[in-house]
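Worksheet: the structure to be examined is printed underneath.
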Amino acid sequence: MTASRSFLSDNAARVHPAVWSALREADAPDAPYDGDALSRQLDESMSAVFGRPCAVLWAATGTAANCLALATLVQPHGAVVCHRDAHVEVDEGGAPGFFLHGAKLLLAEGEGALLTPAAIDAVIDPVRPDVHQVQPHAISVTQASEYGRVYRPADIAALAQCARRRGLGLHVDGARFANAVAFLGCTPAEAVGGADTLAFGFIKNGAMSAEAVVLFAPEAADLVRYRRKRSGHLQSKGRFLAAQILAMLEEDLWLANARAANAAAAEIARACGGRLLHPVEANEVFVHVTEAERAALRRQGFGFYDWGADAARFVTAWDTPMDAAQALARAIAAL
Amino acid sequence: MTASRSFLSDNAARVHPAVWSALREADAPDAPYDGDALSRQLDESMSAVFGRPCAVLWAATGTAANCLALATLVQPHGAVVCHRDAHVEVDEGGAPGFFLHGAKLLLAEGEGALLTPAAIDAVIDPVRPDVHQVQPHAISVTQASEYGRVYRPADIAALAQCARRRGLGLHVDGARFANAVAFLGCTPAEAVGGADTLAFGFIKNGAMSAEAVVLFAPEAADLVRYRRKRSGHLQSKGRFLAAQILAMLEEDLWLANARAANAAAAEIARACGGRLLHPVEANEVFVHVTEAERAALRRQGFGFYDWGADAARFVTAWDTPMDAAQALARAIAAL
Amino acid sequence: MTASRSFLSDNAARVHPAVWSALREADAPDAPYDGDALSRQLDESMSAVFGRPCAVLWAATGTAANCLALATLVQPHGAVVCHRDAHVEVDEGGAPGFFLHGAKLLLAEGEGALLTPAAIDAVIDPVRPDVHQVQPHAISVTQASEYGRVYRPADIAALAQCARRRGLGLHVDGARFANAVAFLGCTPAEAVGGADTLAFGFIKNGAMSAEAVVLFAPEAADLVRYRRKRSGHLQSKGRFLAAQILAMLEEDLWLANARAANAAAAEIARACGGRLLHPVEANEVFVHVTEAERAALRRQGFGFYDWGADAARFVTAWDTPMDAAQALARAIAAL
Amino acid sequence: MTASRSFLSDNAARVHPAVWSALREADAPDAPYDGDALSRQLDESMSAVFGRPCAVLWAATGTAANCLALATLVQPHGAVVCHRDAHVEVDEGGAPGFFLHGAKLLLAEGEGALLTPAAIDAVIDPVRPDVHQVQPHAISVTQASEYGRVYRPADIAALAQCARRRGLGLHVDGARFANAVAFLGCTPAEAVGGADTLAFGFIKNGAMSAEAVVLFAPEAADLVRYRRKRSGHLQSKGRFLAAQILAMLEEDLWLANARAANAAAAEIARACGGRLLHPVEANEVFVHVTEAERAALRRQGFGFYDWGADAARFVTAWDTPMDAAQALARAIAAL
């Protein structure tokens, strides 16, 4: 497998040249932690993206960003409703339990790892409102979802309304938020709806080590600030994280990168026909392939993860060469 | 104040060119998290430094490195004995309480923020060995200390013996461990004595965002691995953290950088005479100066933190120009 | 509803006269906490019950007893496998998350709220053994189960073997352990199999406020001792809790009481025929009854909880009058 | 030592006959947990005591009562200012760290274990208001103090004003609140000042196993209710705890018992003259006595704890016979 034929994950993709430039430019002494000029610029730059005031704090991982955001919405004796296959439930090593001091995750069902108000009702309605059962404090959805599905503006608005009606917070895990916006062609504000908090991911999309905790209730920033330090996530050279985020926001690089990744995924999807497990809306392609077919693809140098016994997951990134995507598409079509 | 006249902190110093090179070289796809070749190299490289097998995990901050290490030694119902002025007590925003699930810090006295077996005994002896009082599980010392003082090999050996005698773990906060080794002229192994864990700092000494959790009982690595993920500190592009540490270890860059910082501090110290609050053994210089004298120094462009009402702290770094140190020395001598 | 026609719960049943006597006799000054003669007697008395050495600590609730026991088996970054309907999951207000510092519960399926090795395998096998997923550290089963079902000695032995094979601890929630033993007619040791810990319940069975944490690895007692104090469960007049447990053990009062409760339940069950949701093996009877039938029973003065839309739960206790059980049986038969 | 000559602790004193009667009367089935008539009576009965609306929840230990109350005032990343010798710091096995999820205790000085606004300022003023240092969220004082000293109404009012000025909560550990009120001869409301929460102790004063969490901001009750369950402190037969508290409030039994204990202590104090370490204001007498003198007292059958090398602590309780106190007084006078 050559690097260019790897469709394993966007997780470990290369760092975008503009991010490298910003990192190098940031290498001059400034105030430590988040007192530097770049970190102080984040609120304004992100508020421009969303067209409304928000507070922004950097964090080095999506897990930390998600959990720091959730901590503004959930008390230790409460719970978060999320999808059974949500990253916070399945792939964060129990971090929500740590950051939220033992709060629970309540698991909802939904096609494509997408939640609906009905699915949330189905989880919450049976919870007796007494002290013997853990009460929900917030809802967490992933935009785009763990299966590469995207909430439409109306979907996310309905979820926000559901949350408000029940007095719950709404968090958006946006590890691939850029891919969702690129797919929707709407504004970032529409893609996040009335959520309270967003973990806006950049690492899978061209950054090195910076995600943004975006707080649409900016007064929650103080709590995140203390919890970030307390969890060891306040880096002393924070300017290097802020620089990455600002570089990604500059001239909507985040959107351009996500469009490139999505386009590569779409190219692959077109070749898959009935093999697709899920409609391809972002940069992940889940494909029915037999064990033998997977072996055939691997012999051609393609890298990817098995997805259960008879499927595979292909992930594109901002730097996936289009000809690699086309080669994969051809290979799948030829199976 | 020009950057070169800033003696505020080594915390926000620039990144060493060799680290930049290593970062750029690491920018090729590899396995995510810590499955990449660089991360897998750490154990061997660090074991060579200490001349004994150790397990090494990167973390983005000293706070995280300290707390992850301590979590291998302390249970939630236990306590850590540390100096009253230790960073874990004073400057980590309560992170030990978070990572150790409410374990306590028991505060000992000692000149120069250095602990001695006697100071530790004075804290532990009055603790009744019953469930009403929190029992110590570990000792944490800082090498070099928060006041720039350095434990001699015999000192640290005595502390390790004290810990062993009492059945306690011994952790070394080595945010400035390089400066301590540079001062001592001994081996790293001698400077860390029989400690169980070391948070080996590189960020203040030329790295961007990588510290090393060093475990002299390598079997503890598994616990740190799970806790690192759980605390959101497992970065997906971990190769960039490993690259920094390996670059710092390469040809003992860490030691060369620390020697440069120490030399600059020594240059300043020589001009201070009776003004010194503490002997200068690493890269921090604490100086008695009046309010008026501080103003005079600031008028000359020097940057530094006030230290109480009538003193100042000057910190040098790997990149402090020797002529800047000399200029400061002259300015202090001329007060 | 007269008290005697209440089948709501064994939770709030009266205190047995022998327990009252023991409480009164305990009302003489003795050492505080668990230093009194009665508390110091527990290990020996309970070891006699199980025919092997065990350590015993009192706690005022089953929730505390379960969680203190589990804390000896599970680290904060680990998980407990339990049934989806287990009390620790459903009815303890998130206490395991609190006592275990955010450890997870992994939910298994099984008829009658009973687990099997296969059901446990189905939960654990898909857990990837990497840091992104929370690893199981222990299994928790309820004997008798939340639906009044009882593990046979061979069942519990198989579970213990499954736990050992996987390197997991095995905890038994024995809120109704007495009812299980009474049903099985085996020794207490056979009913608990090779479990590591047991929360032996007395409160539902004639005590006022004392459950026993039974540790079959007595060296775990120290940890429970510290955690009990730390969770505010070390009562200063602990002699009153120890007295209750000793009174219940005296001449196997616990077994006699459980037999009485089981007999009353069996009497009701015999009248239910095909209406039973679960075989009645302990002191809980789950019965299909329509809304109208429930109303009819309530008009006759019977108290019970609805169980979903078309069923009811009847619970007997040590003090359920047999004629009340017979009256209920007749009323159900007459529906 | 006969029981009547024991001055070891009020901790393990006998249960008052009125409490026994109330317990026996409570032994009729009622709703479980805190749904019974007695538990539902607590708010009203306690509001009458304090002449203002308050919410009241029972808990089985003072440690639990203190920590559940503090959890309404302190977030996990915050701190509680308390006296260096406060029970929460010294004698609760780290329970505040557990219940408050790692929040810190900041230790203040003060004669007789009493705090003053100045002592609190001395602790808080040096805390930099930044994320690196843990910020205070509440103050905790003990009324009567750990050395048997009592805050006057003006003292506690000044502390409440200090708390309000700084935006902090104020908690009163009232393990011996009754003794304080008995000494002051003022109303309970005056003795608790403008505190937000009170852990009102009954166990040392004639109850068996019930303390009251008193919330002067009744809307905090919901949080305590969930946290009480989550910490395993919601007993299923809660009626037995409520019964104890109601019995103690009935005709001010709590006050009569405290007066008796105080009177016995005063009797002893009168004999001590210059030997007293602290003025005797409640039911604890700290006395300078040599090792030889302690031995002499013990030979006469008196029981007490050593207090360091050359002092002793004598504690009286509601049931200390006055002639026993007089005998001790004579024995001390005769030393």
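Think of it as A, B, C and D in the order they're written, each chain with its own count starting at 1.
Keep in mind that, in the parts below, contacts are C-beta pairs under 8 Å (C-beta built on N, C-alpha and C of every residue); 3 or more make two chains touch, one makes a residue touch a chain.
This structure is a prediction, so every number in the text was calculated from the model and none was measured.
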Higher-contact pair (C-beta pairs counted), B-D versus B-C: B-D
Which listed pair, B-D, A-B or A-D, duplicates the contacts of A-C in over half of its pairs: B-D
Chain C-chain D separation of Cα centroids, rounded to whole Å: 34
Centre-to-centre distance between chain D and chain B (centres being mean Cα positions), rounded to whole Å: 43
Distance from chain C to chain B - Cα centre to Cα centre, in angstrom: 50
Two or more partner chains touched - positions in chain A: 33, 76-77, 92-94, 97-98, 101, 131-132, 226, 229-230, 234
Complex contacts: residues of chain B adjacent to chain C: 33, 75-77, 101, 131-132, 135, 223, 225-230, 234
Contact set on chain B toward chain D in their complex: 76-77, 79, 90-94, 97-98, 100-104, 131-134
Chain C contact footprint on chain D (complex, rising order): 3, 6, 8-9, 11-15, 20, 24, 27-33, 36, 59-61, 63-65, 67, 92-95, 97-99, 203-204, 208-209, 226, 229-237, 239-240
